[in-house]
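Next come two complexes built around subunit A: one with subunit B, the other with subunit C.
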Partner chain A sequence: MTAASAGGDRRAFRANWPARAGLLALVLYVLYAGQILDLSWDRFVFGLDQGGRFLSRLVPPDFTRWSLLLDGLLESLQIAIIATVLGVAVSLPVGLCAARNLMPWWVSTPVRAFIAVCRSFHPIIVAIVFVKAIGFGALAGILALVVASIGFVAKLFAEAIEEISMKQVEAVRATGASFANVVTMGVLPQVLARFIGFATYQLDSNLRNSTMVGIVGGGGIGGTLFAAFQRFDYDFLCAILIAIIALIMLGELLATRLRAIFQ
Partner chain B sequence: MPDGTLAGRPAPAGVAAAGAGRDAHPLVVRNLVKRYGAGRPEVLKGISLSFEPRGVVAIIGPSGTGKSTFIRCINRLVEPTSGEIRFMGRDIVSLGRQELRLVRRRIGMVFQEYNLVERLSVMENVLCGRLGYVPAWRAWLRRYPQADVEQAFDLLDMVGLGDFVHQRADSLSGGQRQRVGIARAVMQDPDLLLADEPTSSLDPKTSVEIMELLARVAEQRHVPVLVNIHDVTLARRFAGRIVGMSEGRVVYDGPPDGLEDEHLRAIYGGEDWLS
Partner chain C sequence: MTGAVLHDRIWRRFTPAERLARFAAYLAIVAAFVASLRTVEVIPEFLYDAPEQMADLLNRMWPADLAYYPAGVHAALVETLHIATLGTLFSIVLAVPVALLSARNITRSAALNWLGKLVLVSSRSVNSLVWALLFVAVFGPGALAGTLAIAFRSVGFVGKLLAEALEEAAPGPVEALRAAGAPPASVLLKGFWPQVQPAFWSVALFRWDINVRESAVLGLVGAGGIGLVLNSAMDLFQWDRVATALIAIFAVVIAAEVLVTQIRKRIL
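Take a look at the complex of A and B:
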């Protein structure tokens, strides 16, 4: 090769011009968008100043209204658990119907569409819809989180079923088992552990979201939180935030334990 | 190719022609054709065979010759394209879903890769053999009839896995898994046992043990066993009748003693491997 004898300027890697151009465009757009939104250093410094004053008013946290706090927390916990139980229970058949390797297309396609709709909206939007539709309170929050649970658990459950070994299913089918028995002994054992995983993750997620649906009137600690914001009740706000952190950590601990039981 | 010439020859002595003595043959296959999709080549080109009510029949032949397709057509894990499969007097090919289910529970099947439900225990896998008989709530709650449970324990003792009842299937060795597979099939109380390459994933010693077990089931429970196998030595040793297939046709059908090198050439092609 002439290039080799000429002193070794051969290239091991080819230049990827489309990637370079794309990266440059991205950097330019970020700068442009920042310009449009008036993000300047002065604005940042002003924000820091504001933030410092806000932080100083947060401490020390005020736990004197602990019974109000506890009521809100317990309601959030109840919303999360009820929504998870209902959502997971509904997700089991829905996910099964959405699995393309078990169901004919005319079952799986509409069910998949239903799941997609459940997934399209953030829980807060669904919560607003339910609050408007059926009124303020925990029920609206629960229904919103049930919808979110179906969107998540049913979709992943269907995908897990689509990955199972059909050989095991075939063997069970060959014994003359009914469809219900094939599902019970051939399909579910293969996906149960993952299903439990999805369910506990959803419990975790619902706990976090249950503290938020209250902001739009869906019940739970969120309402108290929002009121504390509105009234500049920052030390009480801090107490609420600490309580929420404790709740979430407790939930995570619980979820880990649950997963360990079902390996 | 010598296959064609041999296929046209009359079957060797000692083989009942299809259709003769219908009552004596629980399974009669007539002119079975299978192609995977219209316009695709025929995998089975008109198979006609009938099977005695007992004994081990080995189907030998090279890979891709339709052995597995043939055996799977019998319980319709593969849908036949045309032809007739008469099992205990009924044509399996024309059965509706519900009837097919009832026929399937009388046909046990053993698979090459065992096809146990990996995450279930040995006992649960064996009891899967009763799923054609028990309602879903019993399966769901694991409330099988006590008689079934007793039989499962007995079968596990028979296959030598009495100490593995509660182990998960994925913790067993290949030979142990295949024993569970056989116990599951026998648990169905079958009138016919199909075995699709039951020894192909096993070492030689275990292969012999598995074939011994299948032969014992055929003998003691009076169940005819139809086994796909490509190990000719094993086939000769355990089968009372050998069916040789090549390119979708039956090219030999007769006793193991009648199987000559000439037949093996017709079945597998070439001859270097015979010496």
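Take a look at the complex of A and C:
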């Protein structure tokens, strides 16, 4: 802008060379990475052809095996509900222990590390480990989603506790209250509303993942989905997909309702 | 003092309707939990020897076969990172037009807004593993299917947050540009872009972080990356190699999170 006032440069917006260089670097990266991953135009065009045939085999969806479909959906729903309740119940104490303003560092640091481990693995990978450890079935899926719930809810809960006003906590402490009373009277009232928000979000997220843990043997509709895919049973696959999407949208609606009640 | 009058009143935080709704919600949650617990199929025999099986698994995993990393894991790990990054970039390219379409202050047509929202919602309701399955069926196994799966799953997320940022942009600069006779492209570039830039970078970084996690599992359905290594090692019961792959995933995810946090601190 100084150049414009001096009268030399009359353009309102000057060229932003660093941004252009960044854009060029990005384009070069895309070309390089595309080459490494062997993404070529020929494959893409061939795939589009294939995609047309695939789509034509998806429709019409085949709902004749609806009882199998319903069983799978119900099991996914059960996994999601149990995992959310257990996960949220475990997240309360874990999140409390991870809050640095209430706990000494030698408690909060290991707990925070534990939460980080829970968070960094995708629920499907955790499900694989549990399927090996305790066998196929819904229990493996439940435990995997409990781990995922701890990773998310406990982390956000700890952050919410770290943001509370310490005045109320000190006031409760000054009355000579025990630690449990400080938590229930000084801390929880300040964070409960946000905690319920995290819990409903996690219910939504667990419902999404509970339809997928079946792919690795963790119970629910995912197993049926993967089997239909591997047997090229594409019209049944389409029916399963429609059912899953309907379930997820229903879950989203329910979570919104629940949040509205507790606001 | 009006204390005498106030004494007789019972002060409550919530109205009766609110209390009833809360009670109904608690009841529904407990009922759903109990009903699920009673009907879920858990095989008790599997549960009895779970501690033994867990110990056995850890025994087989330890020590991890770190010598396998350079030969078998490194290339797949790099491929995973490329899938996540390229997928995120591609999703941004796809998400920008859809976000423009669904932002009410840019596209002044309720039907087009609704169309944009529909695209975003359908992208988000399909899990990235399902997207990967579909693209594997179309393009065959490999990184192309994984990249497209990541991109199509991310469109909904990036597009939704970008549209919200666009709708929150202050109308002043935009109207000033329009009044000066700027063409629509200039209005977007000079009126909206500077306002949504921080939100844009933050959303892109956040999604990249999520995509690094997600791209690690895409290989389970054949869509490339380190998931393939994980899957084949598990199928061959080479648990020490599984451990190596898990350690590699953990390290990359933590590194990505630290990187994103640092970049956010510096530029946002």
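Things worth noting here:
Keep this in mind: the second predicted complex is superposed on the first by the 240 of 263 C-alpha atoms of A that agree within 3 Å, B and C clash if a C-alpha of one lies under 4 Å from a C-alpha of the other, contacts with A are read in each partner's own complex, and residues count from 1 in each chain.
By our rule, a contact is a pair of C-beta atoms (placed from the backbone, for glycine too) under 8 Å apart; a residue touches a chain by one contact, two chains touch by 3 or more.
These numbers come from a predicted model, not from an experiment.
By the touch criterion stated above, A:129 is placed in contact with subunit C alone, subunit B being left untouched. Once chain A of one complex is fitted onto chain A of the other, the partner contacts of A:39 are limited to subunit C, with no touch recorded for subunit B. Once the two complexes are overlaid on the shared chain, A:19 sits clear of subunit B and of subunit C alike. Between subunit B and subunit C, C touches the greater number of residues of subunit A.
Looking at subunit A, you'll find no residue that touches subunit B in one structure and subunit C in the other. Subunit C makes touch with subunit A in their complex at residues 18, 21-22, 25, 29, 32-33, 36-37, 39-43, 46-47, 50, 53-54, 57, 78-79, 82-83, 85-86, 89, 121-122, 125-127, 129-130, 133-134, 137-140, 142-144, 147, 190, 213-214, 216-217, 220-221, 224, 230, 234, 246, 249-250, 253-254, 257.
Every residue of subunit A that touches subunit B in the complex is listed here, in rising order: 165, 167-168, 170-178, 180-182, 184-186, 189-190, 192-193.
Contact residues on subunit A toward subunit C in their complex (touch as defined above): 13, 26, 29-30, 33-34, 36-39, 43-44, 47-48, 50-51, 54, 74-75, 77-79, 81-82, 85, 116-117, 120-122, 124-125, 128-129, 132-135, 137-139, 142, 208-209, 211-212, 215-216, 219, 225-226, 229, 234, 241, 244-245, 248-249, 258, 261-262. Listing the residues of subunit B that touch subunit A in their complex gives 75, 77, 101-109, 111, 113, 115-120, 124, 128-132, 134, 136, 139-140, 181, 184, 188.
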